[in-house]
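Structure incoming, see below.
Letters are used for the chains, namely A, B, C and D, taken in the order the chains are written, and counting of residues starts over at 1 for each.
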């Protein structure tokens, strides 16, 4: 049984950041702006928040420090993504170009500033955020072991974001308008919606979530940050498409990805799996191959927001 | 009615505008971090590669070669309506094909390198065709398929190189040296650029750019590929086999990326396939190069050289107290502002409208076509 | 306050063209005011200016006596101006109700409250006879239904100045009749309507006054009751227009197209069904066979099967005696088949190619334009100029114009020109004059007859009864995927035809009567 | 706050010495004015000077000497990981005024082989390798080259031995890339554990893996976590930042870590000891010898227990049963050459090691 808990928890380490970032991407694309800058935004969010952890290591610790870091990560992400929003919305720029530029800018900037501030590019931090067992809830059999032991606040924040995202997207005025902008901005415009403002909102939300995702990605898996999120921003993009731009399916896709990745990474410590004698490289490839196979069966009808990636121009039909 | 087709310079002008802004930002960053060395440092970025004689220039061309090709790969796919974010995987698979032939087939003599290069093209083409096939027949988004293929390619290459003794140099955890006959000949470039690493690969890259330009703009095949990119339904209506076009587009893009890998790893500079679980950055740099070159083959050629030139400038910048990441920042800013092309074009159009008489003005329609 | 809207001296320029040149338009309260003009005359542009989509270079707009700056649809809505665009502005994966409330939603604690809205929509649709299912998805309902949604959108917003840009081009005759009824009703409630159409009948039927534009210039405004169709068309085109088609009797020649027992299956929301059922017919040289029917009875699928755009489930297709059932689209295209498609944006044009490239879309690979795989640019240009001249295709920059920026009518002309110039043996023309002005219609109808006389077999698919009656030598009526009648236009009345189309009359019925 | 902060390039000291005059190259321009400035240089391989591995250790040694003696110093990064590029970068360092260039890592074997003749007036220190040509057919260490090697198997052996003596029987080894130095660490570690197991008469299991990169990744973290959850008590994190992933997993599991190369105990409380090679000392000594005129050119210096070049930091170690005496005794035996450790890195696997009480599960 403990293996089940273990794999579940490991799955969460991979799945939660993917979930958060992909949900972010969803807000952007649903508003009509493709955001391939997720990787760069994650990097920036992780950078500032971990720098904060580093600088306040002597005075702060625990969940309080983490909460402030979360706010910083989200703020940074939103701010940084505003550059993308400005280019994509005000300047009607090609969204791939400005996204690529941001992806390129983020690590260079993080290294550059880290070196100026502290001389070296890696930023150390102390992880004081793990929750051994949530009071009361952790004692519930099975569920407690699964969800409330050996976990992070960020896991619950991730799940909360999922719930909130679903409600916002489908049950609120804001969500209705956002989706309209991503499908048919001219229709939205004709209905009196300020398309530009909605798109800004979408991109900024994606930035805030991607920034948070960067922090969530780094905290449980290392003790320092080296200006990279190892391609997880691009994986989140894949999860977004895999999840057909829908919150619950995105959740499914990130769990699928998280599970296969967790197994690939940890099979050697699980006797049942390591005895199979499957070469490790095959294990490493499985998440990607499996994704392709699943996509073959699920892609016939693409659910991509129709106007996503097309700069909105009032004059055009 | 009788409008003679005029060459559109607005793309180039907006790129130059972006470059100027990028350099300006670079200068500001230099000044903020160390103002005393800012101007000499800036000067070095601009002239570093030129002040080291022909060798420096040769090095620029050498570093430009792979990114020109991955840029062409990405740019070509863009023109046909596909986003090839999989250049990285195609690149490393191509490199593997070349290295495999370079190490294993020792009896080909003087054509050895040609066969190795062809192997890289073939391998890259196969890798690129997979997202194409998936898109054409199963409507799988090529972006996600390409991302997956990047990782699969990287792991597959590492697995094979590491697992197959004749290829693996276990002292250095990388592939073995390729046979000397598999190295790309210098094609006379060593005479012009003595001491530098530049080789025939650069010439091959230029030829590739020209071929792609001709295919895209002058041939019926290019007409079909672009038509499918713009409107799949209308292409089908016109009797174009749109599935085949999509597959061919991705295959060609993959082949060009594969070629990039082959040429780099056969350059005879001591480059080996390292067993590191990391995606090849050349593929992603290709995106930047393609975009800066407005996806135009000749633009990409210059963009590749320009980025290599800046990177070389950054290398020489190490003679000062700056970290070389400044170059990446400058390039990122340049690319960011090159995204403003549409606005710049509109401004140019407005400007020239005031000067010229009506009727000969280019429409400010939607361009960029990704 | 005689005029509710006054657009005074409006000028709007686009690169290479003055779309509106000093135009003045005055709309009275409670009237239906038609706007008439050739394709590209500037009607849509003028309406877009009124709706705030474009900012004019010169001129002013006075609404209800007050000068207003209309910067966008938001401003327009606030002034009570609503618009039904020809290409509907509806979100395809939203429900009818969601589309209607979009932009003026009611919420409670931040959560959408749809119940009140639903009530109001049901009320409105009952009051104006605009029945729609509020929970249906836009992508699942017919074009006519979609238009009702657009109208409901305006009513829901309490707009009292309504702009209709070519609303009838996509409707069936029955739907057009209903729409006119609705328009009349709306004016009795004090709403004012601006109505763009190319169909003079409709203007005669509902409009009070009509303003005419020609090549961006204002020609004049007339009271409809004081004019006739001939006069209107003359004002618009600047010459006499022949509104009826002149064609001589001709004996049909050999069989060009033979369709046997053709069925097409289609997947719609999971379940498959036959949308074309066991259809057989022949088209001969020198005849115009018209497929009449209400939209959605399998005409589109039939044509797609004939051209090879979609597969078939049974049956055979012979072209010039050759079995082409399994042949590619390209094969059919190069063996005598031409196709003017129903959806010009989806199938007919590559909007981001220039006009010249679009004019050779079916021929770029032929020897005339192609040498060893290379496109002969000079030949393409020459050919393009020829077609532009011959078919009077108007645009900002001639053959170099991006087709996307051309007016819809001129886009259509480009397709017609391209397909006819191929000198086909068989021409499949699906609503070839949709959205065209009377001048252009006259020209294209003449061209079709000319093709017929030259021995071309023409299969015409049309929703417009008048066109069907005027043009065809033989009428096949399609209903629910079957051909239910094969009629001679000389021996059938428009009314009868309508009954066949609606499925309430079948061939053979007449004999029993 | 960690020790790595000391590794900052001391910009203050250096910039003052960068006068804007005179350039050495033919096409002298003002832009190169700062040349002539940096006497001591280090050229990194693809890592950076803060990689917690060779580069950093070497840099710290060089920096220490430079600061103490007021000599200017700087590091350079190559543009790509090829022999040509390393040679070019060494050239740049020399253009920048370097009299002595430190090249950490075996990747510099071939470049040094080339530049030792090309720049006879410049002195080179090569860490972890011996200069040779491309196909290993010719080995030559010039008079201007000092080659420094380490016997990593010895600190590895010490660590493995200590861990088992301390009562642990389930161990793990996570290397970065399978390069010779890492392999030697690992083999020594396994054999040390086996020796202790034989003495104690217990059975020991070792999980063994090379992650494939010197980087902290969630994959590495996850693998370490899975080992811990499967009962592994301590993991030797042997590959730069890979150790950070191991530490993250250990913090979660409440388990232990053995650090590498330098004393890593400041980085995490989970680090019970570190298998060290005294990189920075060796470089310091080399640079000092250069200035003293006693540069041991042409030779390879191997740092072992015999010359105090490797070891465990016993002051900061957190052993319970393993004592300083135990350590000293074993260290003396290693120094005296009484322990033979199989450290053949070429074409061998963990299966080739002769072990009595230890099973190695090699994770491919």
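In this section, a residue touches a chain if its C-beta (ideal position, glycine included) is under 8 Å from a C-beta of that chain, and two chains touch if they have at least 3 such contacts.
On a predicted model such as this, the values are computed, not experimentally measured, just so you know.
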* **Pair of chains joined by more contacts [C-beta pairs], A-C or B-D** => B-D
* Structure fact -> Chain-centre distance (mean CA atoms) for chain C and chain D, in whole Å, is 76
* Structure fact -> The distance between the C-alpha centres of chain A and chain D, rounded to whole Å, is 36
* Centre-of-Cα separation between chain C and chain A, whole angstrom -> 46
* Touching two or more other chains, which residues of chain B qualify? -> 158, 277, 366
* Structure fact -> By the touch definition above, chain D meets two or more other chains at residues 9, 215, 217, 219
* Which residues does chain A have that touch at least 2 chains other than itself? -> 279, 281, 284, 316
* **All touching chain pairs, where touch follows the definition stated at the start** => A-B, A-C, A-D, B-C, B-D
* To do: Show which residues of chain A lie in contact with chain B when the two form their complex.
  => 36, 83, 87, 91-94, 96-98, 100-105, 107-109, 111-112, 115-116, 231, 234-235, 237-238, 241-242, 279, 281-282, 284-285, 288-289, 291-292, 295-296, 299-302, 304, 309, 311, 313, 316
* Asked: Once bound in the complex, which stretches of chain C touch chain B?
  -> 15-16, 307, 309, 328-334, 339, 341, 346-353, 357, 361-362, 364-365, 370, 373-375, 377, 385, 388-389, 396-402, 404-405
* For chain D, which residues are in contact with chain B within the complex? -> 9, 11, 14-15, 18, 20, 25-27, 29-35, 37, 74, 76-77, 79-86, 88-89, 92, 95-96, 106-107, 110, 134-135, 177-180, 211-213, 215, 217, 219, 345-347
* Asked: How about chain C: which of its residues touch chain A in the complex?
  -> 51, 53-54, 72-74, 77, 83, 85, 87, 89-94, 98-99, 102-105, 107, 110-112, 153, 404
* Asked: Which of the residues in chain A come into contact with chain C in the complex?
  -> 167, 171-173, 176-177, 179-180, 183-184, 186-194, 306, 314-317
